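Before we start, here is the structure in question, set down as structure tokens.
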Amino acid sequence: MSPHRTSTPGRARPKIVADEVTAGFGDKTVLRAISMEIEENRVTAIIGPSGCGKSTFIRCINRMHEQSPIARIAGRVLLDGQDVYDRSVDPVLLRRRVGMVFQKPNPFPTMSIRDNVLAGLRLTGTLRRKAATEVVERSLGQAALWDEVKDRLDDPGGSLSGGQQQRLCIARALAVEPEVLLMDEPCSALDPIATARIEDLLHTLRDHYTIVIVTHNMQQATRVSDRTAFFLGGDLVELAATDDLFTRPRDPRTEDYITGKFG
Amino acid sequence: MTPRALIRLRARNGRGRAATPLRERLIEIGLLACGALSVLVTAGILLVLAFETFSFFGRVSLAEFFGDTRWTPLFADKHVGIWPLVAGTLLTSAIAIAVALPFGLLAAIYLSELASPRARRILKPTLELLAGVPTIVYGTFALVFVTPLLQRVVPDLAGFNALSPGIVMGFMIMPMISSLAEDALYAVPGSLREASYALGSSKLPTIFRVVLPSATSGIAAAVTLAISRAIGETMVVTIAAGQQPNLTLDPRVPIETMTAYIVSISKGDTPTGTLEYQTIFAVGSMLFLMTFAMNAISHRMARRLRHGAGQA
Amino acid sequence: MRAPGPAQRRRRRTGERLFFLLCLASVLVPLAMLATLIGDVVLDGAGRLSWEFLRGTPSRRASAAGIWPALIGSLTLIGLTALLAVPVGVAAAVYLEEYGRRSRMAGIIEVNIANLAGVPSIIYGLLGLEVFVRLFGMGSTVVAGACTLALLVLPVVIMASREALRTAPDALREGAVALGATRWQAIRQVVLPLALPGILTGAILAVARALGETAPLIVVGAVVFITFTPDLGSQYTALPIQIFNWVSMPQKAFLDNAAAAIVVLLVVLLLLSSTAIFLRNKYQARL
């Protein structure tokens, strides 16, 4: 499929550019020559049926895909014009600029709420003691969790509800001050109310971060994203402004998917 | 926000301590070295045994070692036939297994098939206590309590004999059999039991005709492991079985096991380099080979259990 | 096929009951033996237990003999053994679980550890004798004994630590790596704290095992008659050695001494195991 690089005015500059990214596990190919741009300070949603490669794609952006011993990858991923797969790039440093939130909230159980937020900085040895309190308040505030936990910062991370845990994980990711936030179906394990709170969050985060959110919920994509990409069977079928994709899809497969004919 | 460097610079990147890949690599090598120590230990054992045993067989021929039926390396009239020691070891081990197998197997059946969850929760860990008592305590018990007790029942039972430590060893290793056999029984799929009940069979025939046969590999693995343990046991037999190498199958007389012999020589002042010194390594090699063979067989059986889901 | 009649059903039920009792007996009889053992030891030894016994030194007169050098020797021994075996064992376990999952070296190491776990303890004594006492020139000192015992309990520590590391969910490792941590940073700050209860339990199991070992120590030269408090460079003795010596003497008074020393040994073991269980529960509760 040809890449969709429309240049309508009012578009932000590309923060991340995928260039013919092909990836898989062992013999299985999961992504086929994906080329797309992700705009800065916008929310880009990736939708598609299960197994179409959405999660693998974002894991290729922060080089988490290669954590698996049988992972294969080809192509380039440019962050601010620099290929993150270049030999000289350290994936560890990359992941401090590109953060990730997972499907199932995974706060560190042996740490308190406060320590969880600071975990990213402590783990990488970049925490400045004096700034700690300020970092905790700022990050929890950005994740819309501060008011709920400000009096119990020493409670264990696991003592929160599911939705709160996920916001804690978001706070943890934000504390490292990344530029990009990758979210892999962050609400699929949460109830509707918790989901709504996180969706509200994304509206405020967008001003400071570039967000890529994988979701199997099309309504969610329409609610939170500026642009949406539709993946099918490892191919990028269509990438457009969200409104355009859902009201005037150009590819018949996109239309079939969003009208519920499959997936 | 200004873009930050992705490339690792040699110097600090201004944002605090950066762990260099070199340090990561060094840590990985250090951890690997700790793991590789176990390989060194195995090599060490093999080398040490081989070295001294080789020297030993420079002085003593294989024919003598395996042909003679007397073991008197310290006497003026030296005989270095290994059989009395092997016989002593095998005799005590056989008695131990004769005790441990029935008790262990029946206990495993009880815990796996018959016990209520509450009984199981209490009795299973309590049984493990048996394995936690030091062997020196068992040895003392065998000599001081069990032997006099048995002397009342068994005619002509000597103060040092094979029967008493054999029985005590049996109880000592019984938890090993019961625990491993229980795992084997547990691994038998519930569907097999259900099929048996559905055919109208009751509990007992199901256990004996369906469950046990399916678990034979696992049970065999447990038994061979227990045999290995019994062969390698030292203190119980050293204290209660005696220090008289005796080629006999009579459990009522004193004997000496391979392990007890090594202890008796080590206790004294045997200068290194002498034949007496080397005998402990020759006997040790024999001991090592026997236990290794048993462990290997047990491992084979356990693998069959895992791959065949317990099919014999 | 005729349905079983009432007489047959009764017979079957009686058969089942008898078998049930037989199996239950197979569990209870060994436990009864253990109870008898402990009872007998306590009966024989309780009379000899006193402060003088604990602080005294061995003597030709049974009534004057004490276990102080043996007690100090044992405690020093297990302390050194733990110091040697636990860090190395945990490091090896970390390598096997976190770094070496697919490497051939890891497979070789695993097979080795499984084999070593089945080697009789006296063989470790022979190894220690040749390598530590003679080759390294340590002589028959506590250090040589501790090195020997450390090798003996190493497989125990490694296996327990591996189990502990496995309880840490992969999602947490992924979370740490996604934040930009290196592998070691993730292990040290996220995985190891989670695995701590299991590792501690393994360490205490190893120490308890080392405390009760006799055969390897005899082979590496722990002697029996020490009237001074041993230090790291001198000859030494240990509780099990002292017990062994007293049991080998015909006079009943020495047998009573042995029983008393056994009581001390069992009490120390009990304290160790209880600490292990307490620590493990305490750490598990905070998760």
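To keep things simple, chains are lettered A, B and C as they appear, and every chain counts its residues starting from 1.
Here is the rule we use: contacts are C-beta pairs under 8 Å (C-beta built on N, C-alpha and C of every residue); 3 or more make two chains touch, one makes a residue touch a chain.
Fair warning: this is a prediction, and the values are worked out from it, not measured in the lab.
Among the chains in view, C has its Cα centre nearest the centre of the complete protein Cα set.
The count of contacting C-beta pairs peaks for the chain pair B-C. Chain A and chain C have CA centres that are 49 Å apart. The distance from the centre of chain A to the centre of chain B, with each centre set as the mean of the Cα atoms, comes to 54 Å.
As a whole-number value, the distance joining the C-alpha centres of chain B and chain C reads 15 Å. Under the contact definition stated at the top, the residues of chain C that touch 2 or more other chains are 182, 185. Residues of chain A found to touch two or more other chains are 93-94, 96, 124-125. Residues of chain B in contact with at least two other chains: 19.
Listed in rising order, the residues of chain C touching chain A in the complex are 101-102, 169, 171-172, 174-182, 185-186, 189-190, 193-194, 286-287.
For chain C in complex with chain B, the touching residues are 12, 15-16, 19-20, 22-27, 29-31, 33-34, 36-37, 40-41, 44, 87-89, 91-92, 94-96, 99-100, 105-106, 108-109, 112-116, 118-127, 129-131, 134, 151, 154-155, 158, 182-185, 208, 211-215, 218-219, 221, 240, 243-244, 247-248, 255, 258-259, 262, 265-266, 269, 273.
Residues of chain B touching chain C in their complex: 19, 23-24, 27-28, 30-32, 34-39, 41-42, 44-45, 48-49, 51-52, 102-107, 109-111, 114, 123, 126-127, 129-130, 132-141, 143-145, 171, 174-175, 178, 202-204, 225, 228, 231-235, 238-239, 259, 262-263, 266-267, 272, 280-281, 284, 287-288, 291-292, 295, 299. Within the complex, the chain A residues that touch chain C are 62, 64, 67, 69, 92-96, 99-100, 102, 104, 106, 108-110, 119-120, 122-125, 156, 158, 169, 172-173, 176.
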